[in-house]
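The two complexes that follow have chain A in common; it is paired with chain B in the first and with chain C in the second.
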Partner chain A sequence: MSKVFFREALARAISEEMEREPRLFLLGQDIAGHGGSYAETRGLFERFGPARVRNTPVAEAMTVGFAAGAAAAGLRAMAFITYLDFLMLGLDALVNYAAKLRFKSAGQLTAPIVVKATAGAKGQGPTHAQSIESWLMNVPGLTVLAPSNPGDAYGLLKTALRAPGPVVFIDHKKLFPQGGVVPEREELIPIGSAAVRRAGRHLTLVAHSYMSVLALEAAKLLAAQGIEAEVIDLRSLWPIDWEALTGSVRHTGHLLTVEEGQVVCGVGAEIAFGLRERVPELRVARLGARRAPVAASPVLEAYTIPDAQAIVGAAHELLRRAANGQSTNG
Partner chain B sequence: MVAAAGSPSHDRGDYVERMRRFKSMLLLRSFEAALLRQAKPGFQLLSRGEEAVAVGVCAALERRDPLLCSGRSIGTALARGMAPGPLLAELIGKDGGPNRGRAGRAHVSMPSIGFFGAHGVVGGNLPVAAGVAFAQQQLATGAVTCCLFGDGACGAGVLHETLNIAALWHLPLVLICTNNGYAVSTPVHEALAPVRLTDLAAPYRIPTASIDGADVDAVAGHTAQSVADTRAGRGPCFLELRCERLATHSNLTREERAAAELDRLHERDPLLLYERRLRSEGLQEDALWSQMRAEVEREVDAAERFAEAAAWPDGEQALLDV
Partner chain C sequence: MIKKLLIPIELGEAIEVRLLLWCKSEGQRLSAGDALLEFETDKALVLVSASQPAVLRHCFFREGEWMKPGDTAAWLSDEPDEPLPAEGDATAEELLVGFEVT
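Now for the complex of A and B:
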């Protein structure tokens, strides 16, 4: 195992896959000589050249549609969308074309693309901060991945780059400075597998992306207070690893979902409902951003987005209400 | 000099090709009439009045050239060589269609014959076509990608994005705007500031031409020239084909145009114009024309029988290939 930054794990996965698949090309803003907004494509332009690592203009609608068309016609494409907020400009091509292509052509065409976009609040205000991944979970035909550490990013991105597609691969601004281990040898992580980050018996915390990091912090704080939280990192938002989730909540009996985005029709809403269908006696609560846009001010941003303390508070509230026989729906 | 595929010279081969073009346009017209006769014809955007665009453009393409089009796709699909029976089955939602009834008129495709597909979102196929053209460029297939879109798409921002990248990356892409004068009920002059739609491509230094889209030979000839230029490595082209939509926007849309205007538009019926021209050039034997009409009618009858006999999909097929 070697220790690398998140961005290095992405670059390594892409580099290995470009080596393996000569038809794979990259397109997006600032990914060539500049090496990506977070240096996550550093070295790829120098290694693979201008034919396969292509800077685009600021044109997300074209970028996603172009990637899908090129992939449908025999290439493989990885499209870089700087912020997940900007994917809204490319949603038509992603949702109306790429996600439906295999279906609407009765299997004659498919669009093996990975669209990578960066979510998360980090001081950049209302349209550079959103976590809208739950929107994408709603779309039949899309695979949605959101890893929380370099090792998962490496293994999942490699799998995504070989998948029939389309895949949306969501990373997070606060993950880029994080280090972690990746295997020395090539290793793929299957799509649709969650990871148990910490075992516990009192409640299950379910999170993804950067919130998995905070959920682990919260679990440590809870442990100091005598509460053992099991932490499950979804990694794959669609498909969902129901087996791993069900196994956990069957023995903890309590579920707290944690996400950075809005809770209305959010990731947690889907997880909680799906688990209640499977485990009817389950006590559930959900935690996410307060219902407001993300502000530029760090004070306002911090008020809106959950942190480890908020997770600890929500966990206590869930367990208290459950013990009192009160309703626990978040 | 080798004559381009779409510009026949005046010899015996020319005559055969011209009769084929007329017959192909007639097939489109008769096919759509048969579609409307179906018990449940569905939601259809007809190509009536725009047959010369479909037939002329397809005459200029090789089989390997991917063709994409808007949701006004029926004429294009037929002209590209899709068999009428399976197409009719697709349009009414049966399993016997090339896309097993899932695509319908707005999304029908058959990549094996070079028909990469229609798209129901106005302008939606433009960036897709650029990507398809890029794949041809990277894989060095020598194929030219062609994308048909309506004047309605000229108001969409993605046209700018597509023109820009096509010019910048020198893509083998022929963009063809079918200007039928209306986006549903809105006339071009109310929707678009540029007086000439070809001006849209000018800032990108993409060569343009505006052509009479009711003249199948003009469409075929100019498209063939653009395709040849693009195939020779000269980058993308932009053509405007001026034509008339003789039907309402869709079979479910109210007619918004005055009777006098419709009378005037019917004077530009491409079948009428072409038959008049061919007769004036010597093709006057009535037997020839009636034989052609009878052959088309037989082909359309067979298509109707095929679609009638085709099975409906099972409901569970809705979950396949998601």
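Now for the complex of A and C:
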């Protein structure tokens, strides 16, 4: 294992897959000479040339549409959308064309594209910092991935770049400044597999992306208070690893979902309901952003988004209400 | 006098950095303006230069290793034979340095 920055894990996965698959090309803003908004494509333009590493204008609808069309015609494309918010402009091509193509053509056509976008609050304010991945989980035909560390980013992105249909690969601004280990040898992570980050017996914390990092921090704080939280990192938002989740909540009996986005129709809502269908006696609670846009003010941003202490507080509340026989807010 | 080289904490939002290169070896004398080491954040390359003369005495990290803002990267001294303090001694003065970020 070697330690690398998140951007280097992405660059390595892309580079290996471009070597392997000559039909794969990249497109996005500033990905060529500049090397990407997060330096995640540094060196790829020099290595693979202008036909396979293409800069685009500030036109996300075109970028996703171009990627989907080229993929339907026989290429493979990876489109870079700087902030997940900007994917709103590309949703028509992604949802109405790429995600439905296999269904509309009775399997004769596919759109093997990966749309990579960066979510998360880190001082960019209301229109550059949203976590809207749950919107995408709603679309039949889309795969949605959200790794929380460089090793998973590497293994999942490689799998995504070989997948038959459209994949949205979501990373997070706060994952970039920290290093993490990646395998020395090529290694793929299957789509639809969650990872148990910490074992515990009192409750299960389910999170994804940067919230998995905070959930682990919270689990350490809870352990110091005598509460053993199991932490599951979803990694794949769709498909969901129901087997891993069900196995965990069967022995903990309590579920707290944690996400940076809204809880209304959020990732946690889907997880909590799906698990209650499987384990009816399960006590559930959800934690997410307050019902407000991500604020530009750092003070309000921190107030809006859950942190480790908020997770600890929500875990205590869930266990307290369950012990008292009160309803939980799941 | 013994001085310590600190990895600056004013590195934007860097949480970890990777040491790329020591420009001097242990025992070598530096003049003001001499490049001392280069490290990498998730976004930028940072070249650290001494702003005062000193002798590089002991490096705590090797090239390729990871450091955190606030870590002591090296001990330096005015004279080459001054005794070094115990590791972790926080009393040493901070070496004055300059930065070039690319």
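Here is the rule we go by: the second predicted complex is superposed on the first by the 329 of 330 C-alpha atoms of A that agree within 3 Å, B and C clash if a C-alpha of one lies under 4 Å from a C-alpha of the other, contacts with A are read in each partner's own complex, and residues count from 1 in each chain.
Methods note: a residue touches a chain if its C-beta (ideal position, glycine included) is under 8 Å from a C-beta of that chain, and two chains touch if they have at least 3 such contacts.
Since the structure is predicted, the reported quantities are computational estimates derived from the model, not experimental observations.
> Record, for the superposition on chain A, whether partners chain B and chain C clash or fit.
On the superposed model, which is not a single observed complex, chain B and chain C fit side by side.
> Give one of first, second, both or neither to describe whether A:Lys122 is in contact with chain B, with chain C, with both, or with none.
The second partner, chain C, only.
> Between chain B (first) and chain C (second), which, if any, makes contact with A:Pro177: first, second, both or neither?
second
> If we overlay the two complexes on their shared chain A, which of chain B and chain C does A:Ala93 touch? Say first, second, both or neither.
first
> Could you say whether A:Arg7 touches chain B, chain C, both of them, or neither, answering first, second, both or neither?
second
> Is A:Asn324 touching anything from chain B or chain C once the two structures are fitted on A? First, second, both or neither.
Once the two structures are laid over each other on A, A:Asn324 reaches no partner at all.
> Regarding the shared-chain residue A:Tyr38, is it in contact with chain B (first), chain C (second), both, or neither?
So A:Tyr38 only meets chain C here.
> With the two structures laid over each other on chain A, which partner does A:Met62 touch: chain B (first), chain C (second), both, or neither?
The first partner, chain B, only.
> Once the two complexes are aligned on chain A, which partner has more residues of chain A within touching range, chain B or chain C?
Of chain B and chain C, B contacts more residues of chain A.
> Closest pair of CA atoms, one in chain B and one in chain C, after superposing: how far apart in Å?
Superposed on chain A, the two chains' closest C-alpha atoms are separated by 30 Å.
> Which residues form the common part of the chain A surface touched by chain B and by chain C?
Correct list for chain A: none, the interfaces share no residue.
> Name, in rising order, each residue of chain C that touches chain A in their complex.
By the definition above, chain C touches chain A via 13-16, 18, 40-43, 66.
> Which residues of chain A touch chain B in the complex?
It comes out as residues 23, 25, 51, 54, 56-57, 59, 61-75, 77, 92-93, 96-97, 100, 102-109, 140-141.
> Enumerate the contact residues on chain A facing chain C in the complex.
Listed in rising order, the residues are 3, 5-7, 38-39, 122, 176-179.
> Give the list of chain B residues in touch with chain A in this complex.
66, 98-100, 102-103, 107, 109-112, 116-117, 119-121, 124, 126-136, 138-139, 157-158, 161-162, 164-165, 168-169, 320-322
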